[in-house]
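A, B, C and D label the chains in the order they appear, each numbered from 1.
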Amino acid sequence: MSDELYQKAITAHAKAAVGAGRLDRADSAATIDNPLCGDRVTMEVKLDRGRIAALAHEVRGCVLCRAAASVIGRHAQGLTRAEAQAIDTALRGMLGGGDPPSWPDLAAFRPVARHKSRHECVMLPFDALVKALEAAGPAAAGAGPAAKR
Amino acid sequence: MPPVPSFDPVSVRAAFPILAAGAVPGMNGRRIHYLDNAASSQTPRPVLDALIRFETAERANVHRGVHRLAEAATAAFEGARAKVARHLNVTEQTIVFTSGTTMAINVVAGAFGDTLSAGDEIVISELEHHGNIVPWHLLARRRGVVVKALPVTAEGLIETAALERVVTKRCRLIALAHVSNVTGAVLDLAPVRAAAGAVGAQLLLDGAQRTPHGPVDLPALGCDFYAFSGHKMFAPHGIGVLWARPELLEAMPPFLGGGGMIERVTLTETSFARPPRRFEAGTPPIGPAIGLGAAVDWIAGIDWAAATEHEKQLTQRMLDGLAAIKGLRVIGPTGLQGRIGVVSFVLDGAHPHDVAQVLDAHDVACRGGHHCAQPLHERFGVNGSTRASLAPYNDAEDVDALLGGIADAVAKLA
Amino acid sequence: MPPVPSFDPVSVRAAFPILAAGAVPGMNGRRIHYLDNAASSQTPRPVLDALIRFETAERANVHRGVHRLAEAATAAFEGARAKVARHLNVTEQTIVFTSGTTMAINVVAGAFGDTLSAGDEIVISELEHHGNIVPWHLLARRRGVVVKALPVTAEGLIETAALERVVTKRCRLIALAHVSNVTGAVLDLAPVRAAAGAVGAQLLLDGAQRTPHGPVDLPALGCDFYAFSGHKMFAPHGIGVLWARPELLEAMPPFLGGGGMIERVTLTETSFARPPRRFEAGTPPIGPAIGLGAAVDWIAGIDWAAATEHEKQLTQRMLDGLAAIKGLRVIGPTGLQGRIGVVSFVLDGAHPHDVAQVLDAHDVACRGGHHCAQPLHERFGVNGSTRASLAPYNDAEDVDALLGGIADAVAKLA
Amino acid sequence: MSDELYQKAITAHAKAAVGAGRLDRADSAATIDNPLCGDRVTMEVKLDRGRIAALAHEVRGCVLCRAAASVIGRHAQGLTRAEAQAIDTALRGMLGGGDPPSWPDLAAFRPVARHKSRHECVMLPFDALVKALEAAGPAAAGAGPAAKR
């Protein structure tokens, strides 16, 4: 049954831990706790004209959470705040039974949909990323006019 | 999904096992005329089924568990919260599960009360249930707040003309019964809301007697806190709800401490979860909450326009019958205007317990006593009253059995 | 009358509908290996029957009612109190029904706590459940009392050698788990009792994890307060008990206000009923209480000498199996001495939620997380653990399924 | 069913209200409330060498309570504290399913046994009587040495 949760794709992502670590000098960072399990994700970003130039994460969490953070580490380069938000929303949608977001790696998390208690494990890194980008303020709002405000 | 609303008192009654002929032991196949609904209603089969399903196929503690029973129990429990929220037209995050109305009001007295200072005023009324009096007396002792009461008219209504005098700038909260558990009178909300608004006081409504009579649109009421119990609205005992405006919930400190309401605990300090969790310490009453979810689904399946009309007809039949009995006095409104089907009366020279006892011999279940409203009974110069209260499953036979029983009580006692 | 005590794990399991093959949806006819008993146990048929009987043949509000359903409900509810009292070898008047352990401890923190002064000390330990930590933190905020904690040894035991240092003349209450919900360790009572006696402090035992493992002779324990929950001892959720020495109950002011706990209410003041009523505000959780009464009857029907021996054998089998797994560390006692069948462990490189999830795929229900004991997990330098906990209906198959599942988790996760 | 509760004997006792009223100068008195229903009984006694010489009661209560008080009014003359206590205990025993006490009038209360919620209604006047005699101290303890203490 939920064995599929720990298919190779997921455990490989977790082992790979792309982006794990800290940045020398981050432009923005955010930490989110899951009070239910005590898990914690910190996301740091460096920005270049509203797009992610570099990213690092520290995860104290389960395989699902670490795998999700690693997928972010792999794909976040160049992302705008709006794009990150869109991925976050689409991923939550997939866990609610909808289609996977544009990043193909995220389809591996589809079996989590049936395990409501684990949704937050997957979302935690994404929510932390969005929070870090929001905390960056106008600098992360996009390459356009918002950056000039 | 609840079925399309409909109302047929016979099929409604058929859903309640205890109301069937012969269900109550010792009644020799007769059915009970249950008119003690204001104390606790009866429970329909869908609520029992939900309870049994939980205990036999989904039982586990909620939250924090990932195994299939914990998932199923959490889904059922949080599903019940969602049902209750939908029923009241509010968001899930504003539904705090408590053990009942009394606990809900105690939580407000403890949490909101913690933000009050000596000399701040709380306004209640003379017709309140002890559950909406004693928590404020305890708070008065603890924090030196002042409890004031609106008087009640000879018709048993809260004297809203007194609002101007009683509600001062020091008033922080007005806490009133949405519907009286003794007289059935429905609160005249508009002047109360205006008085609270004028001084910036919060408004708490004790909805214990309102929620058994159909869905409540909380945003339309315009109150700040709302409290009610499951057991009076076809759900199990041991569950209730405190609703509050989200800003109030966010701002209030917790009242009770324990597992589930925390963010982080160290040996020296605790930080707290966001609402509603912050106010739900320890393992919640999971089965009863799931039962409440099934009960609001059942309520949503009733055509309340028709059910209310039915209740009005029965209430009129009851009031007409009572008016014809010499030496009987109804406490509170004697017409259909602004009331629900809760009617209390006193019988010259007959003690309410004796009346209720004679009624029992007629298979009629009524309550005699002060109904946890001693100040109101004092207001009317009596020690207690006999109360008959209706639910959608009651019918004319129930009312006639009541009236016949009272005639016998008059013969025996008065 | 409970039957003559006996113990046969197969017939014990047969009494629990949810443990039958195919009872849990989606399991294709397999049975669940339920090892999450420390969170909530399962419910046997006699408890369900008592609940259903109440809802379908006896349901009414208790006290103050004279009709036959109110009589039946009151008899069943007060009968449950009598059963619980007998089960604990105490008088009915000392049994306060609450909604659970957490509420019971909050009542002590509110009522007994009301008699404390700033600077008075309360001693807990590092291994307490949040339900026996947070109420004291809240009390510390409210009244300026000081909360101190006894340390825990590397074996997961409360360091009783520290009592002399930690328990001072200012100590008014020592509040400790009778049995740890993480390690299964049973409190070494004698030195604690002596330390409390030496300074005149009261002793509260959190019995939530003790009461599912057989009757408790409270007078023999020599404590002053005892708290536990129904849902961990085969009863419904939403009911618990606070027991206290009669003199303490008589002396304490009420914590919660409402109907049922009063003697007389006027608009300006309330006088209070005697215990246990004084501490039972509002309509109690009647059905759940009746379920608890049936549960203690069921417990009384078990031969606990045999059941304890059975539990010890299973615990040994579990401990042996766990000891053989590389990278696995048991938190707390690793032998049978001074413990019950609650075992928590950490697996190198594997998160407790992942472990519990893999176990679920093996039809094993275990809990992963901090088990509402963050300070204890911090003490052991971990964020959480995976916990397996036994009840009399568990058998060697359950333990073997657990061990097989852990082997798989190691392969998949570590 | 519980119709028998209000048989003629009981309602006649309640109507008779023997002993209702107050004493000019009581030696001792006691008031008991039933917090469940708000009923209240006050018993006043005058004593003569440890025996009841005169008695009066005020009852705010139901038929059962008033009937019980009237039975006391009828039979209490000459009673000692110990005798009153014995009657009280025996009556409680009858309500618990035992035999009626020595006063034949009390047999009429037998049907109350089946109605647990009404036991206190019957007991209230008896408990008040015992309390009044206890409150009298040594004076009510009997004609013998206790009176000399």
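The definition used in the following text is that a residue touches a chain if its C-beta (ideal position, glycine included) is under 8 Å from a C-beta of that chain, and two chains touch if they have at least 3 such contacts.
All figures in this text were calculated on a predicted structure; none of them were measured in a lab.
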Centre-of-Cα separation between subunit D and subunit C, whole angstrom | 46
Cα centroid separation, subunit B vs subunit C, in Å, comes to 30
Expressed in whole Å, how far the mean CA point of subunit A lies from that of subunit C is 39
Subunit D residues counted as touching two or more neighbouring chains | 36-38, 115, 118
Within subunit C, the set of residues that touch 2 or more other chains is 26, 64-66, 70, 262, 264, 353, 357, 360, 368-369, 374
Assign the assembly's chain-to-chain touch graph to one of these shapes: line, ring, star, complete, other.
-> other
Taking all chains into account, which pairs touch?
-> A-B, A-C, B-C, B-D, C-D
Interfacial residue positions of subunit C with respect to subunit A in the complex | 26, 351, 353-354, 357-358, 360-361, 368-370, 374, 383-384, 412-413
Once bound in the complex, which stretches of subunit C touch subunit B?
-> 17-18, 23-27, 32, 34, 36, 39-40, 42-43, 48, 51-52, 55-61, 64-70, 72, 99-103, 105-106, 109, 126, 129-131, 133-138, 147, 149, 229, 231, 236-239, 254, 256-262, 264-270, 281-288, 353, 356-357, 359-360, 364-369, 372, 374-375, 378
Can you list the subunit A residues touching subunit B in their complex?
-> 33, 35-38, 115-118
Quick one: in the complex, what on subunit C touches subunit D?
-> 63-66, 70-71, 74-75, 262-264, 273
The answer for subunit D against subunit B in the complex is residues 1-3, 5-6, 11, 36-39, 60-65, 115, 118, 121
